[in-house]
Amino acid sequence: MVAITNAHNELIHDAVLDYYGKRLATCSSDKTIKIFEVEGENYKLIDTLIGHEGPVWRVDWAHPKFGTILASCSYDGKVLIWKEENGRWSQIASHAVHSASVNSIQWAPHEYGAVLLAAASDGKVSVVEFKENGTLSPIIIDAHAIGVNSASWAPATIIQGNNGGDGKNVDELRRFVTGGADNLVKVWKYNKENSTYILDDTLEGHSDWVRDVAWSPSVLLRSYLASVSQDRSCIIWTQEDNEGPWKKTELQQEKFPDVLWRASWSLSGNILALSGGDNKVTLWKENLEGNWESAGEVEQ
Amino acid sequence: MVAITNAHNELIHDAVLDYYGKRLATCSSDKTIKIFEVEGENYKLIDTLIGHEGPVWRVDWAHPKFGTILASCSYDGKVLIWKEENGRWSQIASHAVHSASVNSIQWAPHEYGAVLLAAASDGKVSVVEFKENGTLSPIIIDAHAIGVNSASWAPATIIQGNNGGDGKNVDELRRFVTGGADNLVKVWKYNKENSTYILDDTLEGHSDWVRDVAWSPSVLLRSYLASVSQDRSCIIWTQEDNEGPWKKTELQQEKFPDVLWRASWSLSGNILALSGGDNKVTLWKENLEGNWESAGEVEQ
Amino acid sequence: HQPIDNQALLSRQFPIFHWTNSNKVLYGIPKNTGSNYGSGNSLECINIVNYESSIQPNLVLKSFVGPLINGKTRVKDLEAWLDNVIDDLSSKDPSKDLTVWRLLRLQLSAKTTLKDISSVLYDSTQLLAYLSQPLPNIELTPNAFKIDQASQMKVLSCLQTGNHNAALQLSLEKKDYAMALLLGSLAGKNKWSEVVQQYLSQEFTATAPEQNEWANLLSLIFQAFIGNSKMAMDKFYRNSADGHWAINNWKQIVAAVLMNVNAENDSTPSNTAKMPLVVTEFLLEFGIFLKQKSQDLAASIVFMIARIPLSLSPVMPDTMFTFDTIGKSSTIESCLWSEVYEFSFSSAPKFAGFPCILPQKMFHAYCLQEQGFISNASKYCDYLTNILKTQPKTDITVMNLTLSLTDLTTRVSDSNTGWLTKP
Amino acid sequence: HQPIDNQALLSRQFPIFHWTNSNKVLYGIPKNTGSNYGSGNSLECINIVNYESSIQPNLVLKSFVGPLINGKTRVKDLEAWLDNVIDDLSSKDPSKDLTVWRLLRLQLSAKTTLKDISSVLYDSTQLLAYLSQPLPNIELTPNAFKIDQASQMKVLSCLQTGNHNAALQLSLEKKDYAMALLLGSLAGKNKWSEVVQQYLSQEFTATAPEQNEWANLLSLIFQAFIGNSKMAMDKFYRNSADGHWAINNWKQIVAAVLMNVNAENDSTPSNTAKMPLVVTEFLLEFGIFLKQKSQDLAASIVFMIARIPLSLSPVMPDTMFTFDTIGKSSTIESCLWSEVYEFSFSSAPKFAGFPCILPQKMFHAYCLQEQGFISNASKYCDYLTNILKTQPKTDITVMNLTLSLTDLTTRVSDSNTGWLTKP
């Protein structure tokens, strides 16, 4: 049990532990990112990363195989990549394709490489791969015109191939989900021929901005998406076997007391955690009949 | 077809062909026996045998293995044995144990040897074996006190042995049937221990003298006896497997027109011939239901 | 009639008749000249003639295509012979019962069904006219019972608690036999049979004297097919009227049961042993009943249909009755039937014949020789010689038959050599 | 509610929550201080705690004696675990439906009968009180029909001419169902079923609205046992009232059918596949009906009773429904049930497991690691490694699972090594 107190003086928008649970990154409206070392019950501030020119909304650690690397995104429209080397932190890249607030970033499944997904209020999402020799041209997609609030990768999945010219019988299926200010949730799929992501499905259901989307990492053959919205509801979307229609299930009949802000699946996909404006973190799981029931609440 | 006419001037009581159908012996109230040679459609008187002192009732040829031998019986109480040798007939033996008319004689199954069965009005039957060296002492039995009219041998039969001292598991069953002036039919069985024939069964049914009895030569496992009587009826007696009770079956419901005199079974036992005082020879056979039906009549 | 004068009889000329060793007969028949008494009336003529001049030979015996030897005798020849005999016999006497002949004819064919056999026993087409008559249009008034709803619910609860017996008992109390039968069918074969039995005994008792005996038959059919034949026979044993009806109508009874072997069961040819077990049971029990009532020929036919082998052993363990002959064994028909019946089993695996009919075969051979059919008699002698070789030498019957065969063989070969005198 | 001020939201401190790769969670929950607006209100405390401090671990998952390996896992241990879970769950919430647990417990034993299973679905002893009540003594008045004698004779003649159909028709015209059932039984299985069908449809139609639905059950039991389950389901599909009744009372329905498998059929243990065919048919048809009506868990239980293997193939050729999970596959109970159900098939000859539950087993392993049950998670990783080796490498699912297993195995071994940093 570790309790990091008063990490920032202003609003803290995100706090993420690295893969090994040794590094904690926090980001804030104070435009900084703080890196703490966590060991047992102790912690220690290692560095404060300065570079963003606006509130930093989210941070995300890359897979350790790439090194100790952190991505951050900010109201300033930029995505910055930071690296710790020999105990020292530095900014190693900057990804500035968006013209408005970048609201979420997420590293892709490590099998894809050092690939980052960013969603921005300019209505676009970008997928950019950071290669050894420098950044590759990012793929930029018009996702939700009014603005994209969140984007989340699907787990790496192998599917039946087309037995095309390359002779292989299997293919990679790369998808991600986005949630927008147009109240929509959209699913995107990589298209090899055009080297870009194309719209796979548009899911209607929310009546206000979608604030967060999360794709479950569950190993079961059913895909689960969770979308939370300012309309005070959470919708679970499911699809069988990577194709076909998405089935919509309201998490619960009644609305939540306040807006819902973040959604995240446990690593097994067994439990969904929601955080909302009522200052609660509620936990949810599916029951035998396929309805969602409370799995408890995270108490302060 | 041969027709021997006027063989005797007086009553002809019997006429019998030998085993090969070549010799015919007839006997008469004229006290003689005539021997005819029969060939194709021709016949020729060979000899007239003189020796009896009264009407000769019956003659019977012995099995050819013993030679050309004829037995005759007469009102004079004697049984004479005649033999043809080198074309000439002579009397070779005389069996004079009876004190009244000898009414029937019959050679036994040849397996027993040269054995003769005689039935006489003195109430006795005698069984005498003629050996190479002369006659053996005859077995004399009191059969029907008032007089015995007929006696007939059963076919030679093997039965299960007693497994006695002689070690064999089979035994000979020697039996004959007699018909008497006491209206009875009796069955006699050879008893080795006492070297004589003992009474096996007494069969009641006739209401007057039994004139003839005949044991069927049938190879079936059922024994058939026919008895004919002055009471104008014929009774068939049957026994299963050489032991147990004899079942009585009237040949027909109604009486015959006149007395019945002789009965004889065909060599298979299939057909029974009856001769009677109405000057008819009627033929009978058993039907599927076990009743007796006419098989025709021998027409003159 | 006046009392017999025994002495006087000795002065009468009676007919003389003897069979001879060759197939001739000797006879002398005195003339009928009014008074038969007195001496001097002797036999004018002693005749020696061939058997067939005097006695009508048996043409069926003569034409028989035996001995029937598996692999040698052609079935077609035997079938043709049977067809001829059937035609002959029926044209001479249309009323003659030819059931056994027709049955044997059917049993030689692998295509014969139990329905064919049923039709031989009883031609049910005579019923069709009756069937085509419309029934009087009787208005249906309730005369039976169906359980009320409350009881229905109890029955259901019994079933839910797994208590078949209680459910059945309730239905039977309420006399709802349809429900009882359904419940019985759930509870397994034994319970089903019990219910059928109870239904039949309740609903089919011949209470009134004018009760149609034929209701018996309907009941009997059902009982046969639930394997209750033994119990069904009880009525015939105990009740003499029913017993007489059964004896007088045995053919219709058997025909009715055979006719109802359903298609599922009747796909196997009936000259194999693959008859439904309940039908075999019925035939055995009914055959034993007929035997008990001295209906031997009828019983034999029933056992033939059941494909019981001819044997000296009892047809069932708990009875004394055997099936060793078809009709009286001392008749020529019976001998021929035994041989054809035996032959119809030729295709049965490892079939070794019916040893118990050997005496009949020997008798058959004797009859052939006697009636002058010497070449056939000779064939039979060879045939029997071969068979006897395969039989156990220590068997008493075999020993006796061997003796008889020796005598016959000698006689047959003497017939063949004609007039040669033996030394 | 007033329209959301999107911009203002960006100035609010929302709670933060993240799962971590080790089995810890990170959260920060702002204090509720009345007004949540305004800057300066930041998160006082970011907590990193073990999973179980924050989230109630699943004790059933923890105590599970898996992985269940044939030849290694002792059945007694599994049975004891099931007994404990059942005790626990029922004491915490006596109204909780524990059918699947109890069913699995029964299915591990070779001695279990269908009647045992019936009792798990529905305790029919509650009916005994009702059964012991005497029925009102209703006097029997005829309300059904038995054919008259003339018709009886016609029926007999039909049978004598081999015309079952005519005999049946006549009985049915006269509404003598007992006779019709007997005749049907003579005519073979198909005809029998037809007669039963006609009887039930005539006598058991729910004509009046107040007609007891439960009459349906009696009829259904009979229809199941004549192999008419498909037809019996029709009523449920077509009539919504009947359909609802069937859904609401599915346990009693299945229990009633199981309870009536008679002793002849029920001598085989029910965890083998030797259930009477008609019962399997019923369970399949009823399960499909329940699936159609979205009663997935009920359908699963029915398929379990029928011992259908878990598989991605349709349960019957003419349906699209599959039986690949018991309850929603993303629940821990469902995973445990699948594994126990699979294990209950261990003694089946050449049993190679249910490949379709591999994802669930993987999910199970993930949950173990997530909740901190690291040694069990490790066992599952080994177990899954071994299983995947036996699966075809070109199978897509196998490929994906292999990737997932690699990730999990790394995570598990990282947990084990604690705080060592990877280079």
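Should a chain be cited, it is by its letter among A, B, C and D, assigned in written order, with residues numbered from 1 in that chain.
Operating definition for what follows: a residue touches a chain if its C-beta (ideal position, glycine included) is under 8 Å from a C-beta of that chain, and two chains touch if they have at least 3 such contacts.
What you see is a predicted model; the values in this text were computed from it and never measured.
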Legend entry - Fewest touching-chain hops separating chain A from chain D: 1
Inset, instruction - Let me have the rounded angstrom distance from the C-alpha centre of chain A over to the C-alpha centre of chain B, please. - result: 129
Inset, instruction - Round to the nearest whole Å and give the separation of the Cα centres of chain B and chain C. - result: 37
Inset, instruction - Please compute the C-alpha centroid of chain C, do the same for chain D, then give the distance between them in whole Å. - result: 61
Inset, instruction - Could you please state the distance in Å, as a whole number, between where the Cα atoms of chain A are centred and where those of chain C are centred? - result: 95
Legend entry - Chains that touch, pairwise: A-D, B-C, C-D
Inset, instruction - Write out the stretch or stretches of chain B touching chain C in their complex. - result: 1-17, 19-22, 24, 26, 28-29, 38-39, 55, 64, 75, 111, 155-160, 169-170, 181, 208-209, 218-222, 224, 230, 259, 261-262, 264-271, 273, 275-277, 279-281, 283, 285-290, 295-296, 298-300
Legend entry - chain C residues touching chain B - in the complex, by the definition given at the top: 4, 6, 9-22, 24-32, 36, 39-50, 53-56, 296-297, 327-334, 359-360, 362-363, 366-367, 369-370, 394, 396-397, 399-401, 403-404, 411, 414, 419, 421-422
Legend entry - List of chain C residues in touch with chain D within their complex: 115, 118, 122, 124-125, 127-128, 130-131, 135-136, 138, 140-146, 148-164, 166, 174-178, 180-182, 185-189, 191-192, 196, 199, 203, 212, 214-215, 217-218, 221-222, 225, 252, 255-256, 259-260, 262-264
